[in-house]
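Written below as structure tokens is the structure these notes are about.
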Amino acid sequence: MFKKNYLVPLAAILPVLLLSGCDMNMVVFDPQGPVAREILDLINWSLVFMLLVVVVVFGLFGYIVWKYRATSKNKDYEPPEEHGSTKLEIIWTFIPILIVIALTIPTIKTIYKLEKVPEGYENKKPITINVTSADWKWIFSYPEQGIETVNYVNIPADTPINFKLTSAGTMQSFWVPALGGQKYTMAKMETQMYLVADHPGEYIGRNTNFNGKGYAGMEFTVEAKSPQAFAKWVKDVKSKAPKLTEKSYINLLKPSNLGRETFSNTHLAWVNHADMNAKIYTFPELYRNHDYPGQIFKDPDNHTNEKTEGKSMDMNNMDMSGKSNGGEHSGH
Amino acid sequence: MGIKWDKFFITGDPLILGSQIAILLTMIGIVALVTYLKKWKWLWREWFTTVDHKRIGIMYILMGVLMFFRGGVDGLLMKAQTATADGKLLDAQHYNEVFTTHGVIMILFMAMPLLIGIMNVIIPLQIGARDVAFPQLNALSFWLTFSGAMLFNISFVIGGSPDAGWTAYFPLAGKEFTPGIGNNFYAVAIQIAGIGTLMTGINFIVTVLKMRVKGMTLMKMPMFTWTSFITSIIIVASFPILTVALALMTFDRIFGTHFFTLGGGGLDMMWVNLFWLWGHPEVYIVVLPAFGMFSEVISTFSRKMLFGYKSMVFSIVGIAFLSMLVWVHHFFTMGAGPAVNSIFSITTMMIAIPTGVKIFNWLFTMRKGRIQFTTAMLWALAFVPCFIIGGTTGVMLAMGAADYQYHNSLFLVAHFHYVLIPGVVFAVFAGLYYWWPKMFGHMLNEKLGKLHFWFFVIGFNMTFLPMFFLGLDGAVRRSYTYSAETGFGPLMLVSAIGAGILAIGFGFLCYNIYWSARYADRNISSDPWDARTLEWATASPAPFYNFAKLPEVKSLDAFWYMKKNNDGLELRENEIKEIHMPSNSGLPIIMAIVFGIAGFFLIFEWKIAALVAALGIIAGLIVRSFDYNDGFHVPVDEIKATEKAWRKVDKEVKDHVS
Amino acid sequence: MTQVFGFVLSLVLTFAALFVALKTSLSFNAIIWIIGTLAVIQAALQLFMFMHLKDGEDSKAQTINILYGIFIAVVTVAGSIWVMSFGM
Amino acid sequence: MSANLNTALPLEYQTEQNRMNILGFWIFLGAEIILFATLFATYSVLSTRFAGGPTQNDLFEIKGVMTETILLLTSSFTCGLAIYEMHRGNKKGLLTWMIITLLLGAGFVGLEINEFITYVHEGATMQTSAFLSSFFVLLGTHGLHVSMGIGWAVMVMIQIVKRGLTPVTARKAFIIGLYWHFLDVVWIFIFTFVYLKGMVS
């Protein structure tokens, strides 16, 4: 029966563990930009209240369970009848209300703040980068610079970046935890967010919204460079990188995990997936797996509808990492 | 129809081949055993066709435990795969299937059946009724749930498992990105089970409103009845949304419509919206009855009435009301405007208020009590601290802006496991240990129970506590692998070991069920816990008519005061009258089988066959419409004999508690 | 007889909505509000005059149930439209 | 579950089981409200996503819609009369009005099917666009409910003919009446928010 007591110290360890989280260098607690810092301030604010709740309730719990446990000594003790106490019940209705209010106000402030260019950067001209997620890679287009990268994005440090997010297919989520929170990328929709990196450095970004076989590999790097280095990089790319064609772009959109790629033009010239009436690029046959094959329907606005030939060719030169998906006829 | 027989069974994978063989052998084994024991008739008469709420409840529980096993194996596979960096146990496709089925099975085929099962057994007893309002509908509900669950489970070996996550977000879950039939299983199997659940909701609302025994006003109902009643209301309010969402999904996948697709103007966000419009209330559907069970267990083993009964009731109603107004917090990161995110942050955080009230009421129920550490009570005690962690991290997640950093990370996974495992699984365990004697007439072994408890609770904390930190370090959910550079390895390994310990705990439960069924003392009191509510006022196990004479309720915790004032406990011979009971019916199980067959054809997109099978459903409805079987009367002599048998035992009450 | 009265009234309401929608030149929003209100009145008419919502010993439960259903319906429809338009 | 008859009440409310069934059916109607609300929500959100296909203005014609509406409204009225006759104990009146109700309902379904066929011939199918998917499913669900209601009512009528007016058959007739009125309520909203709204813009 006394075993129960173990639970009390065990439970007391939990908040300590939670606290110790702060110096474990977890990426969320180690912000590298004003956006992430803004969110971390909010998280820390909430942690204070939550720890308070945890400590109070755990303490009360431990005290009550210990004090009123059944022992051989209090065998004849008959607990009193009590229906409740209006006073106490009002107290513990109001304390949570106060905590909720204390958390709500900064939350809403932060939500609105994150919609805008971070404080202190209002006067710096933001750089726009269009992010297009496809299965299973990230495509970054720099409309102002006229270049495009795959699976990595270089940005000037200390400059606000206006990320315009969209997807060529499935719903995905763009997250660079060191720099800020995440947002979904969706086809025929544009979502937007600002990020700033304080210093030059490399940060990991990734998709957090599950989107099929290649999901685990959907990582990219954000490399913040000094403005000079960034300008130089752009120049280099403009002069050295190959051009992306519509045909090679369609190949790029096919399901695959890729390494880094760089182009000296952007796909925005022929399609912006954020556009409500954009053509779509789907390749259902390439997603076959060991399932019993189901019927595939023709999308009325698929890009293949415009072309009469060359379709079967597209299917052949797919570059799949991992196992072949096969069509209906290539049974396992 | 062009059936491709070569693709019918999933082939080419040792894991699946093993399961296929195991399933086949188990099935042959069961059929052979039943045939050998000549139990087919008995099974059909006593179980398959029963409309007795207690037996239906037991079947629900049995199914829930089986599904717990299946979902648990999925969970273990996931933990084994991610125990080390670059794990090689499963490939991406299998991992995706495994976490999808883990989610669906745990929520819909484990948590719901276990809770509805216990509701089934206990609610009519607690309110002093002879059965639920519509016994035959109740049987149909169960068999539909069962049929849906079986349909969902065979996907592993036939046709292919769904692999788009239990949330099945579009466009991924559409034909454009998952052209196999795997996700049809999701759409159709859950639909069938969902219809069953919806009917359960209606059934229990009417049961609680119309069948309470004399004197039991709404505010004298036991807390478990209250929470189950409110749960039923949420079921009726939210399951139609699921029905529609799944139907639209079915149309998209099987008939080529464009609700959520990428092409044709479909809107993938609408699926997310509809899914969570149902999905969030669903969380409360599983958590509220659990709260009710904790209330019963805590009050019984503190030997005190529930502290603040009224505020408890108000807080459940408050939670139910808020439950329909918070769904957007599941997709704060979708980019909806700041106004939307702010409003839903507020409504979500408001849920903490009634929940906090409940926690304090439970604590103060124990204060000044005499707390006995039975296994049931241990679960209730462990629930409080674990759930506080789940709850506080829930508040953190509710803060829209902060959620941008937590969303879809393992922090979120840890949070909802910290809510659902203490909030539902602990409750179900508490409920099973507490009500086992009421169901089977013997107790579960307390010693094994305590082993079960300690292994499970420690394993659970070990599994999920590290995930909070992993999530804050950038580890995401549903990723089948991670590289060594991430540094997630050590904590992932701790988590995996924890899962193993947790599984051992579950093993103790299974062994306990077996051991107790064979060796436990049958000579126990009908009221072994010295409990407070009406279900203990009759025999254990309860006779099929529940009460020979319906008790009369004068206060809260009616049975406690009946015992205290020695009022209404004895049964005089002349008080026994004939009892009218509903007859068994084979229709529900047949209907469910037909549903299952129609669903199977639909999943394989054999539309005409599905249509033909669906005609069978209509035929069943017609048969039901013309069925005028009015039940039967239990003769007085039979009641007398039954009552005599247990009331003698009642004299020699043994103290099993200490 | 309430049935006849209800029937006539619902016909009047239907034609009124038809008239407002197709024969007036009010703004789109005004028209939607007017025909929406007419629809709600007509639905209430059916509930009370034809379906006798207030009959039977459980009229209270029935009424609460229907009101709750309507509440959820409004939340579902209005909430979905609001959220899917991203709060604009 | 007792067979205690309370003859002071209308036939359908006389037994406890009847009262439970009627309450249960009301709760089912509550669920139906939410089911249709979800379909309405889907339609409202998707109603402007034409994907290059036809719009509401290209398709809808007020004449047919008005005829359908009048048919269903009238059937709701005659259904009310049927229940009224039932309360007066007039089995023949009940059956007569019920048959009229069902004929009107069948007319409604016939017209609706015809309307759908016309649309399909104009190239507007369920697969054309999100708008049409949601339109056909919303309308189709309602139409299916009406068709099921007709089938169900026929079953009930057969039972009334065979068994006469008993508390059980009266309850069944009463419930089908509730169902029928409810479908009319749904149609009012379809008429307003699908057809009229579609023709305004």
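Each chain carries a letter (A, B, C and D) given by its place in the written order, and its residues are counted from 1.
Simple rule for what comes next: contacts are C-beta pairs under 8 Å (C-beta built on N, C-alpha and C of every residue); 3 or more make two chains touch, one makes a residue touch a chain.
Note that the coordinates shown come from a computational prediction; the quantities given were computed from them, not determined experimentally.
Counted as hops between touching chains, the shortest connection from subunit A to subunit C is 2. The greatest number of inter-chain C-beta pairs in contact is found between A-B.
Closest to the protein's overall CA centre, chain by chain, comes B.
With every chain reduced to the mean of its CA atoms, the largest distance from subunit C is reached by A.
Between subunit B and subunit D, the centres computed from C-alpha atoms are 34 Å apart. For this pair, subunit A with subunit B, the centres built from the Cα atoms lie 31 Å apart. Subunit C and subunit D have Cα centroids separated by 16 Å. Between subunit A and subunit D, the centres computed from C-alpha atoms are 46 Å apart.
Within subunit C, residues 58, 61, 68-69, 72, 76, 79-80, 84 each touch two or more of the remaining chains. Counting partners per residue, subunit D has 19, 23, 27, 30-31, 34, 38, 41-42, 45, 51, 127-129 as the residues that reach two or more other chains. Among the residues of subunit B, those in touch with two or more other chains are 209-210, 237, 241, 256, 263-264, 267, 269-270, 274, 277, 335, 338.
If you draw each protein chain as a dot and join the dots that touch, the picture is not a line, a loop, a star, or fully joined; it has some other shape.
Within the complex, the subunit B residues that touch subunit C are 209-210, 233, 237, 241, 267, 269-270, 273-274, 277, 324-325, 327-328, 335-340. Put simply, subunit A touches subunit D in their complex at residues 277, 297, 300-301. Those residues of subunit C lying in contact with subunit D across their complex are 1, 3-4, 6-7, 10-11, 14, 17-18, 21-22, 28, 31-32, 35-36, 38-39, 42-43, 46-47, 49-51, 55-58, 61-62, 65-66, 68-70, 72-74, 76-77, 79-81, 84.
Note for the complex: subunit B touches subunit D at residues 130-131, 133-134, 198, 201-203, 205-206, 209-211, 236-241, 243-245, 247-248, 251-252, 255-259, 263-267, 270, 274, 277, 580-582, 618, 621-622, 625-626, 628, 630-631. Residues 51-53, 127-129 of subunit D touch subunit A in their complex.
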